[in-house]
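Structure record follows, encoded as structure tokens.
Letters A, B, C, D and E mark the chains in the order given here, with residues in each chain numbered from 1 onward.
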Amino acid sequence: MSTDQNQTVSTEAATDPVNHEPETNDSPPSKSSGWAVFLFFMIGFVGSILSGWILFPELLYSKKDQPIDFNHAVHLDVVSDDCESCHYFRDDGSFAGMPDLSSCIDCHEEAQTDDPEEIKFVDEYVTPDIEVPWLNHSKQPDCVFFSHSAHVIGADMSCESCHGDIGTSEHTRVYEENRLTGYSRDIWGYSISRLGKPEAGEPKPMKMNDCAKCHKEETGHKGACFQCHK
Amino acid sequence: MKDKNAKRYGMVIDLDKCTGCGSCMVGCYSENNVPFKADETNKLDSINWIRVYKITNNKTYPNTEVCYLPMPCMQCDGAHEGHSPCVSVCPAVATDYDYDTGIVSQIYTRCFGCRYCMAACPYHARKFNWWDPVWPADMEKYLSPNVSPRMRGVVEKCSFCFHRYQLARDKAYLEKREELEENEYQTACAEACPTGAITFGDLNNKHHAVYKLKNSPRAFRLLERLNTNPKVYYLTSKSWVRKAGDNYLAHEEPTKIKNNIKEHH
Amino acid sequence: MKIDRRSFLTYTTALVLGGAAGSMLTPAPWKLTDDVSIWTQNWPWTPVPEDGEVTYKQSVCTLCPGGCGINVRLIDGRPVKIKGLEDHPVNKGSLCPMGISGLQYLYGPSRVTSPLKREGKRGEGKWKKVSWEEALGAVTKKLAELRASGRPQSVACITGSDQGTTPNLIGRFLTAYGSPNYIRSATAQDAIEQAIYLTQGKQGTPVFDIENADFVLSFGSGILDGWGSAGRMFNLYGSQKPAKKIIQVEPRLSDTAAKANQWLGINPGTEGALALGLAHVIIKESLYDRNFVENFAFGFDDWTDDNGKTHDGFAKMVKNFAPDKVSKITGIDKAEIVSLARAFARASKPIAINGRGHGAIPGSIDESLAVQSLNALVGNINKPGGISAIPDSNYAKWPEVNIDEIASKGMQQPRIDGAGSEQFPNTRFLLNRLPEIINSAKGESPVQALLVTDANPMYTLPDTAATKKAFDRIPFIVSFSPYMDETASHADYILPNHSYLERLQDVPTAAGISRQVISLAKPVVKPTYETKHVGDSFILIAKALGGFIENAFPWEDYEAFLKETLKDQWRKLKKKGIIEIKYDLPEPLAFTFNTVSTKFEFYPTARGSVKQKQNSALPTYTPVPIEGDVQRFKLVLIPYDSIRLAGGAIANAPFMTKTVDDTVLKKQVGLLEINPATAKGLGLKEGATALLTTPKGETTVKVHLYEGIKPGIIAMPRGLGHTAYSEFLADKGINVNTLTGPIEDPGSGLDMAWGIRAKLIRI
Amino acid sequence: MFPFCFEWAWDISHLVFMGGLWYALSIIGAGMTFAIVKTIFDCSGGHDNQDHGHH
Amino acid sequence: MNETPLIPAGVKRCSKWQFSLWMAVVTAVLLWGVYAMYLIWYKGLNQTNMNDAYGFALWIWADLAVIALGGGAFFSGFLTYIVGKNELKNIINLAVVIGFICYSSALLILAIDIGQPLRGWFIFWHANVHSMLTEVAFCLSCYFAVLTIEFIPLILENPKLDKKPFWHHLSHNMHGIMAIFAATGVFLSFFHQGSLGGVAGVLYGRPFAFREHIFIWPFTFFLFTWSAAAYGPCFTILVTKITEMITRKKLVKDSAIHLFAKISGWMIITYIIAKSIDTIYWAFVTAPGMGFTLMDFYASSTYNIGLLFAEIVICGFIPGLILITKRGRENSFLLMSAIILGVIGVSLNRWVMVLQVMAVPVFSFNEWYTYMPSWQEVATTVLPVAYGLIVISLAHRYLPVFPQEKELNPID
């Protein structure tokens, strides 16, 4: 790549008359510019800290309302079997999860009150026989096998221990969905830093580490992969 | 981690009964959402959790004999339980050994596709998703929710249909039972085998069929000399088949080779 | 503070660095790193199957005539898995790979999702979606025209079966319409049924009570390759006692041969000679069942007819088949023949069966008769562990069809395929003759409109080129196929049937099983696409044609028709899914036969005129001619069947093709099996590409060296080389039918070809 | 790699392996911090007394 | 733009145009690699010809090879800063640049090689401390950080940067504690070179790779570390010689080269003796215990016994013997031959420990597995070469890589 002719000769004398002085002459730095550099650095520093903690969570999650503003409290009063009246186990031990219309239809064939939400429910879903597209705050991704029976029956845990006191809620809460992953915000937990504990009655975060923590406490080990993955 | 109720699920495949029909493979595909491509003739990029090999005694016509050899994941125990060839090499713990069942897991969402486990497995039981899976025309409708479809770039393998164990456990919880019946947890291949060549159960449980079968004089395991300590046993009455199942020096006889590692309970 | 370009750059850098440093102290980069990886774990293009309640539905698999019970697992009504039905009398829980792949027939790119009208040239693949009204209207119009012109007999219908209500409904339609040309696809069952009819005088479904036999001598029947009800055969093999012996006689080490206790590599096509050779030894050594032969058989010894003419008996005839001679013909060692004959005769319940591979080709009547005679020699007829025939199920009884004059005239016309004619009096259907008859017809084709259902003759008939030529001469072709198969893709209209899991259908007894089992295939799911039950299509066409035809179908739809057909059994069937009638053999009647002599006829007196002219109706062995000049074509190509390849009307599901070994198919090229010794002579190494030529066609193949095939013989599987369907099946390997042709059995008219001469050149 | 990761265990393998890792990282981190802090100090305070003959 | 101020004082460089042309050519090659890389990341590893039997292929070989060849960096650091061979300061800069190139390439290759690059960080976060690959990833990344730190002062010596007081002082201060970094680098290198050896050695399901007893630990580790230390210097010398040839200048004094070559020679000899012991035990004890003879492993036409001979004798003992003899290493032809053989030898060893491990059938009924890389694999493997050429060219042009250059090539 280099030949004898055509060489660029660089000698100290030729190019750098002030070679023992590192400061160059075209932009003499001053103390004030050093402070300005620091100022800009701090602006960026503080700005990004603020946006990272406040703006970022706002941008990351989209907000959706449930199709119907469901009142758990009212229902819990009238059903006989607590949560399991609607969120029941099937005979094969699997958990039915969100009830489908056939569970609702016994009472809601026609609207029983003049509650606009109930009327909406009957008109938009029951009558045309369309399942309600409930948004599941606790929905785990496809790779997870969560056994409700192991926890509720096997370990005798209450629904509240993970889901909080949703059973006594009178309104649905806003469903926040991670725009990137599609996860419900409940999985990560509402604290963006995942520091601190949820208040009593709030649903628990449901990342794998949260599962592992409880498993470690209750069973002595975090469990093998296939205990919870499929 | 291991408790005294721990199971060691294993399989016994009677090669004398296997006709090579491929039902186990198809049963497995449809149970485990195994994808398929237009061209599956390159068996080195074709995802099979159980593959039926056709081996011959290398004799000329008419003394030729053929034996079919179905190979799922051997769920190796290794020299000491949990030391499967693939488990210790995975850099991200995407595969582990479940001491409660003896089953080697593979977690597709954890795997980042380094393929070290594939290099480690002498049985070629591990398959890589070179492509994104595609189910053409409405075929996504037949996918089972019990096994998570894999994405491109991860390794997958036979899980002994672990999801069936999970589901059976669910039922047991509901019925407040600790133990599963032998027939409650069976793999899809064992279920699909139309000649009943595949038997599945707890190798530690005297009441399970596999317990007796594995002690048959016809029983052997593949590549036992590597000390992989597989939990899949084979039965054959043919000495050449037994010999093909491992490597032997010219003067060695399969039945006379003692393993350094004995199967443990 | 002076801001020039330089300091602007410095300050910006400071800002960015500060921002970067600051962001490290926020959740953003860490959460995003996590979320991006979670995104890869939940890629939107990776499907997430929906969970729900598990239920099971029981039905019957109708992908082949086997009639195995299936149990379908559904999630919230969505079928996700098929397995064998444990308590079904046919398969007892066992199922073949095709049956397990079933859901891939329900969904998938091969489905015809609505009625289609051909737009481009035939086979070009250009279709226009049309409404059911339009499609049915077009078919009705054509059929009405042909009737109006007085040619109802020029309408032919090809079906896959003639048992059960759907085929019967179609037959009824053709009768009312006025065409005798109801043609069912042929199988080995035809030849066996005919042999049973000739020897025992019974028309019915053959029974091979392998369950109770202890010595199975199979003349090339792929009993573990898909012969009969595959589920049943596998179940039998898996549960059989170790004492049971299976002897497989065929030129190739098939899966059956591999699992048999003994494999005898025979020269292909000489199975009949071996059967007679075995008979020779059994008779010579007096190992036969004297009681049966002396009391219940006719034609064993020489006999004199009413005219005083003496005829050779079976015993005398087989004297010509001494082990020496048979050894030369079959290529099997003389000692092997003798010991096999002894073992067969001395077994307590031996049974001999035939029908090569899956039984796709009927084979020669002589061969079937020879095998039947072998069974008779050991007295193994109409008893447990033996051969018999159960009468066709007779539940299909409907009001008599009243036909009009046009129909009456049409029905009096001879069948186009020649079945039942003076030449072939005992044969009911001769689909194999149809292409040749159409191609050699002067003027217009005798078939003016062809209706095809549950059959794919464009693929399954030997000599594909001739079939295509014949079909090209038929002006109007309608396919009722749910899949875009070869025949459908050459049709003018496709009126797609429901797929097998979407339709209601009765499934009568399959060949082989010793009980009458009527199962009900119940829809597992609602139809996914705009399809219609083929029975409904015919009822609607009948109603549209009006008059006597309409009157012949007083039912609203197929279900009503089925209900009335089954009458009191409907409820039971609907509830249980199966009606099982154990076919008991009342002892004293067991050895009564419906033949002229009321005995088992070693000498089948009812045999057609061809044989009579030869003075003897005895099943002798004359080499089945093979097409091709021996000088030009030094090798013999035989098609073989594999359980992993469906060679019949319904083709492979993608899952089945996935199981096919790379020694059978590599990329899009099929492999041909050849003995290494033969290959060496041709300079061919494993995987080498070669040009395969037969008198019927040529193709490029790769060779797979296999010691399990007789030297001089080359073999290719049936079931590859589809030209239709989807990318998961089309253009993979070669359809062996393009390289072979039919050979007409002079006695039955059925195809008895077992192979063809071939030439292999390295390229 | 941290005690709060799922895979972490307080066993000898983790202590040795991660101990080595954090040891190495600490040296690298401490070294670089030292170099940078000293440089900032040199630039602000010892500006006039700097030594150029470092080679 | 006048680039003269960018060029170190007192040295001659080729013209801007010549340099630009050269850079354009190499950049074109680089872009080809980048395109292939893009294809692989976008479409997945189906762009390669790897398969389920060849899960590790060309890339992993390239990875292991560049790490071995880059071994000159840690070893020269070890010799200079810890043993105190000051003579080697004249070549250590180049060793560091090469190390930087090799290790950054290795990391890039790993990022291309994995099926799910966006999950690559799992190897750190969800580390399985028992996996060799985890150890490799950790040490590789840490050592890359060290190499970057070692490279920074050299960059800061660029005349233009040296004028800024911050960079000037930083360079100075980093120099001051370089020995600590070098020692850390040596520590890390011992580990990751060793665990790379362990990568194949622990595969007890692969009779060709597996070693038992002390031959797995510490031997497989020791052999890889030792061979990288032994052959790495060969590559450093080779690059020096090639740079000298291209620039038509002497850049490093013979005394430094000969010292480095001599040390390399003794390392090679000791390594190859150890390797021979390992091979003998493996061939006569380990393999037969699993039912294999040595020749079973060399039964293919590609992988025949000549490969073992080439690795141990032709590329082992021969270069070793040349380099330990004064006459050998001081004869320029013999020196050149020895270092080239050395470079081939270690690359061959890494090839065998990756590709042949995959090729040998474990079942008697399986054939040898064959593999031919796709163009995408070749392009992404060439990518680091082009990248390396660019970095070396830039470094040589703008940085005082060779401290003796000014002295050896005085400008009139």
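By definition in this document, contacts are C-beta pairs under 8 Å (C-beta built on N, C-alpha and C of every residue); 3 or more make two chains touch, one makes a residue touch a chain.
These numbers were taken from a predicted model, which means no experiment stands behind them.
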Query raised in the report: Which chain lies the greatest distance away from subunit D when centres are computed from Cα atoms alone?
Result: C
Query raised in the report: What chain is most central when centres are computed from CA atoms?
Result: B
Report summary line: Higher number of C-beta pairs in contact (B-E or A-B) found for B-E
**Report entry** Between subunit A and subunit C, centroid-to-centroid distance (C-alpha), Å
**Finding:** 56
Query - Whole-Å gap between the CA centroids of subunit C and subunit D - result: 76
Report summary line: Taking each chain's mean CA coordinate, subunit A and subunit E are separated, in whole Å, by 44
Query - Whole-Å separation of chain centres (CA-atom averages), subunit D against subunit E - result: 26
**Report entry** Junction residues of subunit D - those touching two or more other chains
**Finding:** 6-7, 50, 52
Report summary line: Residue numbers in subunit C touching two or more further chains are 36, 39-41, 48-49, 51
Report summary line: Residues of subunit A that touch at least two other chains are 22, 92, 94, 141-143
Query - Partner subunit B, residues of subunit C touching it in the complex - result: 40-41, 43, 45-52, 75, 78-84, 91, 94-97, 100-101, 103-104, 106-109, 111, 224, 230-231, 234-235, 237-239, 253, 255-256, 258-259, 263-265, 528, 643-644, 654-663, 665-668, 675-677, 707-711, 726-728
Report summary line: Contacts from subunit A onto subunit D in the complex sit at residues 20, 22, 34, 208-209, 212, 222
Report summary line: Given the complex, residues on subunit B that touch subunit A span 1, 93, 95-101, 103, 105, 107-110, 146-149, 159, 162-163, 165-167, 169-176
Report summary line: Counting only contacts in the complex, subunit E reaches subunit D at residues 124-130, 134-135, 138, 142, 145-146, 149, 165-166, 168-177, 180-181, 184, 187-188, 191
Report task. Using the touch rule from the top, collect the residues of subunit B that touch subunit C in their complex. Result -> 17, 19-23, 25-27, 29-31, 33, 36, 38-43, 46, 48, 52, 54, 56, 58-62, 64-68, 108-109, 132-133, 135-146, 149-151, 153, 191-197
